[in-house]
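Quick heads-up: structures coming right below.
In what comes next, subunit A is part of two complexes: it sits with subunit B in the first one and with subunit C in the second one.
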Partner chain A sequence: MKKFLATAAVAGLAAAPALADDIKIGSVAGATGPIAELVAPILAGRNLAAEHVNAQGGLLGGNNMVLILADSQCDPKAGVDAGQKVVSVEQVVAVIGASCSGATNGMVQSVTIPAGIMSISDSATAPSITDLKDNDLVFRTAPSDAYQGAALAKLAWDAGYRKLAVTYSNDDYNAGIAEVFAASFQELGGEITANQLHEPNKASYRAEITTLSAGGPEGLALFAYYGGSGITIIRNSLETGAFGKFLAADGMFDASVIETIGAENLVGNLMITQSASDPENASYQLFAELYADSGFDPAAPYAAHGYDAAFLVALAIQKAGSADPALLPAALRDVANAPGEIIRPGEWEKAVALLAEGKDINYEGASGPVDFDAAGDVAGFYSVNTVGDDGQYVMDYIR
Partner chain B sequence: MMEFLNFYLFPGILLGCIYALGAIGISLTFGILRFSNFAHGDTMVLGVYITLSFVWLTDLHPLVVMPLAMALTAFAMLGMDRAFFKPFRKSPPIMSVIASFGLMLMIRSAVQFFWGTQIQAMVKGIQPPLQWLQPLMLREKQLYILGGTVILMVAMHLLLTRTKIGKAMRAVSDNPDLAALTGINTERVVQATWILGASLAVAAGVFLALDTQVETNMGFKMLLPMFAAAILGGIGKPYGAVLGGMVIGIVEEVSAYPWIGTTPLLNPGYKAGVAFAIMVLMLIWRPQGLLRGRQF
Partner chain C sequence: MDLGLIIYLMSLLTMGGIYAVLALGLNVQWGFTGLFNAGIAGFLAVGAYTQAILTTPIDRDHLGAYDWPIPLAMVVAMVFSAIVAFAIAKICIRLRSDYLAIATIGIAEILRLVFKNELWATNGPRGVSQIPKAFEGVRFADIDWLTGDLSGWAALRYEAVSRGWMDVPLPTPEERFLTAGLFLGMVVAIVLVLYIALEAARKSPWGRTMSAIRDNETAASAAGKDIEAFRLESFVLGAAMMGLGGAILAQYLKQIDPQVADPLTATFLVWVMLIAGGSANNKGAILGAVLMYAVWSGTEILSQKLLTFLSSDTVGLLTLAEAGEWSIRFAYLRVFLIGLILQFILQRRPQGLLPEKRPKPRPKPSPRSAPEAEKTGSTQA
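Moving on, here comes the complex of A and B:
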């Protein structure tokens, strides 16, 4: 009798309709750590998408989309912990994040792939993520650095650099992009005088820099997180006079670089590529308007990608018709890729109505068309940032 | 030769000064309170942020307001000792270690809450090397660091050898039971330990911030080399901590020198490992440390 009651109770629970329930989605990000400033606008993007979903009727007919934040600290170990927290403790149906490539690699390999949970990263760009054996569970709205490294090499070549030293921080993201950059630069005919990894989080890099400067390089291609080693390396380089010119990628794109080093030392000497959103894209313009209230710049690195990742998860759940994790990857490809009627940021009600009619939709995101390829990657669009005389970054788009 | 001095040895000595100042507190806490204080790095961070706030308020040089920050941090540390460590004084040391771990996270989170996680500059911009020291390349801030370290070391030496409380500290560190029997007030010695350790940690932090920048994780980044320095020098021996800090700072930087040929002897990516290799070898061959500290 007891057993019967228990079975009945379980059956009752399972059959209960999910009325105005919360649907939990993990939001894993490096909220503290070496890129904390970069992560804040990305989180604002994710949260804005959830707000739009909830304000326009919610998920699956009235359920709240709830983002469960966990801090990955831009660190593989902390990324695994954060993934465990949202997947095992909070029982989320999908995960957005983690921010850094190392944290993402750790989280997906140890937690989300084994658990069969889909993840979409909005800022992990390491080429190594493309090749993961992920059972089609790992996606990203951030483009692989296979593109960004080549774009930066081309820029360096066009700017007249022929001999460069390369140094990269000992992590997945920076090692990945440094490799692509060095190969692309050499392919163009340039010479890499030294290519050396360094350990992040040290108080001084004077010895490394001096060693790197041997062989007469014209500049330093510096692949690091600004808060891990990037700022310290630029400072030590300028102080020792080893390097005066720097090339970098989006891990270095933060105002604190200019604030701590001083704009007068960087004008004309620093070039940072960044994964950007095309300002002429109608979806981006729509997003920029909606995002304005957040207090952050809509052009902040990966803010648009963060919005897209969260909005896509919501669309995938709606398309699948249930929050069953097993159905989400296929549904995600369905709503993100052509064909279908175009949905833009903020158009949740329209998307729900179209899906209800059984029509196909194609989300055109703020960060770009977000059409996932077989590996779950999207194509890239980049900007190059230099320091202007007013001490602010000046952004040009690479077309 | 000049290149070796300017780019490898001097940076190593500077780094050594910072490690040494930080390691003293760890070594003393270990010697007198008998536990490894993981919160030491974040005590440093707290002091650095207090200094930074004074710099913002008064626009004075960080070193001018540093003594005030040292006093405030030491005061805060006394409060935290009362709240988190005193209840465990008679318990096994592992309780205090865990408490210090919790305290570490609490201090860091509090700093992140009140001051934010952004990277700040203690002194903005780039300093050129001083002209009158050519061909030595030293900057004003580096002279401050070297000078400040020497002054603090001498002050610590005088405190430990010439004052009653300093002698009591050394006595408790050598043999706590015997010290208690001779009528030394252990609780006052404990307080003095926190004050000395916290003050020197703040100095180490401010020096580090002068040389690099201010961030909430800076204490945690320094924790491992500081522990390595304390163990290398001999646990409970403040002079050993100084020596250990210097050795680790110098070895870290000099290991990247191209001793043979033109490539670094050791890939600089692994220089952090050098400190630990030294520490492990030391623990195997001479567990009491360079200066015959306590063995565990």
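Moving on, here comes the complex of A and C:
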């Protein structure tokens, strides 16, 4: 009886979604919560892409691209709720987000995949997102942590390191990179003398450093945020003389590291990888120029990825010729991957014209070529940063 | 109203229901007995991780692949939570209110750090993903309408769930409504059963002893009640309910990590709900949970609607870029709003929206003994 009532209710409620003048895209991000500062430049990137689309004729011949923000608070609870809001209430055609890996994982599994809505994450880097059974609905422009850990391991090996100690701040980001780093370094033939996690925000790490220095490591691979524990660990290591050489990932990339520790201690002794766009790449240069007005640094973590995610959604809608969510994943692969004429950030009119002629396009993004693999992931691109004689970072793009 | 909005309202009620389970658990501890438990997040995490580890069909970097049936895991989640609570209560239940609060904050933090650091079991900060959710695999095709065959319902389609989405067709919008409705139905049923049981308990001698302990421990002790045993029972019972709440939450989110046990949304918010709804009133706990969650989540929609309206072509007060900036500011405003509501309720209705109603004790049918007792009482005084 109840079942029949339910179906009757459903039949009465199902209404065909009408196409309005606005085409809504969900923009889910941890606007409040632990990574709020990191999220602001990413959102600026997403919004800039929408501005470009709207200023150059809009979607599907004149429709506004509207980004609907929902706050994921970097928490799976809020991530699922934010997903429900944009998917069920706002009826968006695709979702960008939801910032942190945990929130993204919850949102896509509980909301967007069952609803058949495509999602593109611009900053979730957990490897577990790769192997979701997602019916090809989950993409990301941010590379999985797996790549950065492997890139740093290769750098370390090439720089002549054979024995390293590893320590990482116990959060999902740093733990993930450290795990892959240790595995890759051992695969190359290197030895990990110690691998220990630490809790961030302690006043001193002398005890941890003493444990880590056992076994004669040549340097310390340090995966942490500079403000949380990174700077303190480097300082304690230099004070105790336990370590003189450091390898780190992008959580440590900040000028304050040089300012507090002193350039003289770090020249030739510090190597930081960072998820980076090739500075000589035409797409990145275009983006950096366009993004300058936003008041944020174009090299801010994942800002370029945010731009690319939003621009790609727009291209996919244009390619599909309609805002039908079911058509978007295939269209997205089409416009993002080779072959096709190259489209760069901001070139919306050109893309629309080419698509109208029935030509294939290939978006080369600000963050990299954004070619999606079978799992919807992109390859990672990194720079290595060392401290130069002038006390500034010297950046080398890893090719 | 369109189907999407209804599905959202259902998700609102589902989360409200999950918070209601937590608030009812807290009501047993604080409302009935006056135990200041500031470690709700810890018991929630025990329940959530138990559910996740026992039911998740894969074991990617964590303990798992046991593939247990969902209801059985929920029962075990309650039992585990109760066991942890029992061990804690044995040590610190004799602490008076504020000291107990400090102890439970510490314990919740210990539990959270254990879940964060025992990588082999919990995958640390990355958490457990792909947790099966009750009813999520139900499809119309499974239901034999003509014969009324219920086998598809009875089995809850675990096997379809454990095989993952690749092998189950994605739900149609109507099936999303159905699966969300069934899950909501389960949550509502659980809240209802807990409510009926707690109402019975509240009116029973057990419940009246609890409020006696809460209001005047010395007097209750003088009446021959074993205070410590009662406090322990109440603490364990409440914690078991929090564990159950965690077990439902894990299914609903399909992904848990230590952030789920974040003190703001897992402890503080539950306290706000109970205080706002009405401490020691079970109806109040449920009302407070649903209402506060609706405010917590629903205000975002209102602010978005407002911004979309203001930036639309017809009104044009804001550009799209300005609307984007404002939407971030509104996100912070919501946190402020919860605090404001709490202040308002504490000022205007210190007992909550639904104040406590004391059960009336049945008058003893002994008219002659009453004046005698009064006489002896007065002579002693």
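The criterion applied here is as follows: the second predicted complex is superposed on the first by the 245 of 399 C-alpha atoms of A that agree within 3 Å, B and C clash if a C-alpha of one lies under 4 Å from a C-alpha of the other, contacts with A are read in each partner's own complex, and residues count from 1 in each chain.
In the analysis below, a residue touches a chain if its C-beta (ideal position, glycine included) is under 8 Å from a C-beta of that chain, and two chains touch if they have at least 3 such contacts.
Source: prediction; values computed, not measured.
Asker: Between subunit B (first) and subunit C (second), which, if any, makes contact with A:269: first, second, both or neither?
Answerer: Touch partners of A:269: none, neither subunit B nor subunit C.
Asker: Between subunit B and subunit C, point out the one touching more subunit A residues.
Answerer: With both complexes superposed on chain A, more residues of subunit A are touched by C.
Asker: Does subunit B (first) or subunit C (second) touch A:170, or do both, or does neither?
Answerer: both
Asker: Using the touch definition from the top, say if A:322 reaches subunit B (first), subunit C (second), both or neither.
Answerer: Neither: A:322 stays clear of subunit B and subunit C.
Asker: Should A:211 be classified as contacting the first partner (subunit B), the second (subunit C), both, or neither?
Answerer: first
Asker: Have a look at where A:195 lands relative to subunit B and subunit C in the superposition and call it first, second, both or neither.
Answerer: Touch status of A:195: no partner.
Asker: Kindly classify A:32 by the partners it touches after superposition: subunit B alone (first), subunit C alone (second), both, or neither?
Answerer: both
Asker: Name the contact category of A:386: first (subunit B only), second (subunit C only), both, or neither.
Answerer: Neither partner.
Asker: Which partner does A:259 contact after superposing on A: first (subunit B), second (subunit C), both, neither?
Answerer: first
Asker: Return first, second, both or neither, reflecting whether A:285 touches subunit B, subunit C, both chains, or no partner chain.
Answerer: So A:285 meets neither subunit B nor subunit C here.
Asker: Per the definitions at the top, what is the overlap between the subunit A residues touching subunit B and those touching subunit C?
Answerer: 31-32, 170, 197, 199
Asker: In the complex of these two chains, what residues of subunit A are touching subunit C?
Answerer: Spelled out, the residues of subunit A in touch with subunit C are 3, 6-7, 10-11, 13-15, 21-22, 31-32, 40, 43, 47, 50-51, 54, 64, 66-71, 73-78, 80-82, 84-85, 87-91, 100-102, 105-106, 109-110, 113-116, 126, 128, 131-135, 170-172, 175-176, 197, 199.
Asker: What part of subunit B is in contact with subunit A in the complex they form?
Answerer: Touching subunit A from subunit B are residues 3, 6-8, 11-12, 14-15, 18, 112, 117-121, 124-127, 129, 137, 139, 208, 211-213, 215-217, 221-222, 252-258, 262-264, 267-272.
Asker: Considering only the defined contacts, which subunit C positions touch subunit A in the complex?
Answerer: 1-8, 11, 15, 60-61, 113, 116-117, 119, 124-127, 129-130, 133, 136, 143, 145, 164-166, 170-171, 173-174, 176-179, 181, 249, 252-257, 259-260, 262, 265, 297, 300-301, 304, 308, 312-313, 320-321, 324, 327-328, 331-332, 334-335
Asker: Under the stated contact criterion, what part of subunit A meets subunit B in this complex?
Answerer: Touching subunit B from subunit A are residues 31-34, 36-37, 170, 196-199, 201-211, 214, 226-227, 231-232, 235, 238-240, 242, 254, 256, 259-262, 264-265.
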